[in-house]
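Below you'll find a set of structures to go through.
Two complexes, one shared chain (subunit A), two partners (subunit B, subunit C).
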Partner chain A sequence: MSLCVLDEEKFHLCCQLLLQLSEQLGDGWSWEGGQEGYLRKTALRSVVIDSSSVWDYEGGGADTSCPSLSEQQEGEQEQAAVDASADTDSIKGDMEDEDEDDGVCVASAGSSQLLQYEYHILHSCSYSTPVLYFRACTQEGRSLSLEEVWSSVHPNYRLRLQNSPLNTITMQEHPLLGQPFFMLHPCRTEEFMRPVLQAAQDQHRPVNYVLSWLSVVGPVVGLDVPLKYSTLLHPAPPPRQHRARLTPSPCVCQHHCGAPLYGSCITNPTIRG
Partner chain B sequence: MSDNAESPTETPKEESQPPPDDTSTNDEKKKIDVLLKAVGDTPIMKTKKWAVERGRTILSLSQFISRFLKIEGSEQLFIYVNQSFAPSPDQEVGILFDCFGSDNKLVLHYCKSQAWG
Partner chain C sequence: MADDKDVLRDVWFGRIPTCFLLNQDEVTEREAEPYYLLLPRVSYLTLVTDKVKKHFHKVIRTDDAEEMWFEYEGTPLKWHYPIGVLFDLHASNTVLPWSITVHFKNFPERDLLHCPSHSVIEAHFMSSIKEADALKHKSQVVNDMQKKDHKQLWMGLQNDKFDQFWAMNRKLMEYPTEDGGFRFIPFRIYQTLSDRPFIQKQFRPVSPEGHVHTLGDLLKEVYPVALPTEGGPKRFQVVIHGIEPLLETPLQWLSEHLSHPDSFLHICVIPVPSD
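Moving on to the complex of A and B:
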């Protein structure tokens, strides 16, 4: 599928654009290696790792409780769903947290460790996609094992990882450095990139393949892609509810003209001079 | 839902009722409208529009949709904003609504696929 193919030249372009944004945001990405190079970033992560398959994600500050609909509510919603078949968009469901669910988010007894992660984004010639390599070590310099890395994957992906762990994260030799790294397998990249690329094509707008790809794969291995990358690229349209946020700064010229837009005053020195 | 200018305040996530006359601490309890759109041959949810608490995360939403669509363990659900990127699972929908909402709702596209090989 030519839509999902990312050749090396385009990969470079996407990386450069990502780098510009990263510099603006202070996100820490750098380009290493010249022409045949890669993007690199290091980050500290606080993770609880234990030998069991249970894992507790720290540092996210997120609501990890799993939603659970009561039977009655589920029944009501199914009924509403059936009744709404004629005009589904106008029927609104109420997404409620009914009670605590066990789900996949269970606190573990392991202790929290501060780990140093190093992430590399390379271009895969065989898949014509970006590919994520990473390694992690403790503060004492001990490298993590594959099992430990699997147990540190975000809960959102852990269940799927358990189904086919070796097809997800494996240890590979870094193509450029020749050192052992973990790699997130690129075989499904095309599948999850296709909706993004198709929409971009249909709507005639550009999309940064590497950035979109990173937003999907990054969280799997604890790499945070700040939302600001996307808000910088796609500033919110100014509907009325955003008016307060997008209110322009008033002009602060020496004449105190009070003009609503910065620098838009008529510099008439006779105005309240 | 027209008060997105306020910054979200820290509120404890607990079952108890917040004080009714202090709206600033109710931020995470306030609901925003989310419109869910299926991509490709992913099953379409019969109820597409949902009122979701601002403080709810994408992870939580993803689990809700997966449960609703009865998605199996071998499959992965992907959620997209603006059809251009995937929000982090820990991202709160309220923030996404503030940044990417239009017409008073947040449109999220979702896609199901065989996970990672």
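Moving on to the complex of A and C:
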């Protein structure tokens, strides 16, 4: 039980380690706001705003609360038909050009824009988990709306987000700055982190909760975690595993976890092994 | 003990007489009359001001009207805080009615969340209840509820139905007798002295030694500035629902009786008026 609890102290330790690695890799993370602070990183990102995806906003964006399990199952049934056809296409497409996938959406008809992203990692004392906050603005300084943020999410993730344990993107008040930020809701973080932490414990492998968590939730909103974080943490991985980790592609397990895969599915470790 | 139920009613039916005035910079076709409402303390500004919007839409050019937002003495009012919290925090020593300025342009993107529909308020409200239950019961109670139960909580608030709301909310207020209270007390302490909007931490209703924690214990632990120094003058008021509860009040009792419908105990720390 305590395995999945990330208290404030543990959060700070994980962040310190992440900062050290970030410094070695020049990945740009910094600590802000004193003792009760947060990790911060900014990045320029070329994004295609897909204007054909407004339905997504209505479905997932308006409901900022997290669906309970029963709601989710209902939702899954309703969505099943839509998902079945759409998913097959995107998975097939993704597998064909697996190695070329650089995480930038190129499939849609919208125009590409250079956006400034600001990512914050905070600790949630209510859920005892890390939480990802972010905001994005154009080069002219205009903030992105929730609708635009939704449509900038890679279609592979977008299709599953409403029913995945990663849940949905909502606009919330930043609890330390008091300003509007987008947030990936933390209420089901424990659920998808448990197998990761359990596996690490069983194999007596050190695991950095914040780093592992970030490698799952970050790519959804364009924040990729370089593989080097992992290789610095665990030197000399077997070559085969190494190859598999190079290409994060959304998980194809039956659980629709939608998680990017770095080697193995978190809900079904056998699926790609 | 029989009186405790009355406390819930008094909290629920708390009202603030409010006068809405149109911002002077708005272009109007004729003079805008002020609009008066009794605002429920436990509700949200954007949930109870459809009439205000309709009223002012009559005098401004509808093409000019963007998303409505509110301001009090230069401070944009955050709709996602309960109305009573906004009043206690920004206006508790003001003359009634509370005078709120209504805007239809220049939405302060850096200060306020957008509120395009009531469903956004509902989502925010349910999200708070879920967060509070994560603290109180490790989310067990709220996750055991069905969708219609969640709806009942929301409809109770939206339609101002005390009995409908509390028939469901009492489940969220239960705890094993032997524990003496919730796992942690869902609370937020608001202040206006710094940019940080509120303080929220894990705090238990009972100490490991079995000592019942009070409001004073909580403040001493997480916001000692609010407490009077020995022999010194009182500098701050600690306000919940417009009153100053005794610092000796058990926190668990406060959580059960003075929490807002969103399950959080919202505590405002405000400077003592100087005059």
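By our rule, the second predicted complex is superposed on the first by the 175 of 273 C-alpha atoms of A that agree within 3 Å, B and C clash if a C-alpha of one lies under 4 Å from a C-alpha of the other, contacts with A are read in each partner's own complex, and residues count from 1 in each chain.
To be clear about the criterion, a contact is a pair of C-beta atoms (placed from the backbone, for glycine too) under 8 Å apart; a residue touches a chain by one contact, two chains touch by 3 or more.
Since we're looking at a predicted model, the values are computed, not measured.
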- Message: In the overlaid three-chain picture, which partner chain does A:Q179 touch, first (subunit B) or second (subunit C), both, or neither?
- Response: second
- Message: Is A:G37 touching anything from subunit B or subunit C once the two structures are fitted on A? First, second, both or neither.
- Response: neither
- Of the two partner chains, subunit B (first) and subunit C (second), which one does A:N156 touch, if any: first, second, both, or neither? first
- Task: Report for A:C187: first if it touches subunit B alone, second if subunit C alone, otherwise both or neither.
- Result: both
- Item | Partner chain(s) touched by A:S143 [first = subunit B, second = subunit C, both, neither] | second
- Message: With both structures fitted on chain A, tell me whether subunit B or subunit C touches more of subunit A's residues.
- Response: B
- Message: Show me the subunit A residues, by the header's touch rule, that subunit B contacts in one structure and subunit C contacts in the other.
- Response: 62-66, 69, 185, 187
- Which of the residues in subunit A end up touching subunit C in this complex? 62-66, 68-71, 74, 125-127, 143, 145-146, 170-173, 175-180, 185, 187
- Item | Complex contacts: residues of subunit A adjacent to subunit B | 60-67, 69, 77, 80-82, 84-85, 88-95, 97, 103, 154-157, 159-164, 167-168, 185, 187-188, 191-192, 194-196, 199-200, 203, 207, 211-212, 215-216, 218-219, 224-225, 227, 229-231, 233-234, 236-237, 239-242, 244-245
- Item | Complex interface listing, subunit C residues touching subunit A | 78, 80, 109-114, 117, 119-120, 122-127, 130-132, 134-135, 139, 142-143, 145-147, 150, 186, 195-198, 200-202
- Message: Which residues of subunit B touch subunit A once you look at their complex with the stated criterion?
- Response: 1-5, 13, 31, 33-35, 39-40, 46-53, 55-57, 59-64, 67, 73-76, 78, 80-92, 95-96, 98-104, 109, 111, 113-117
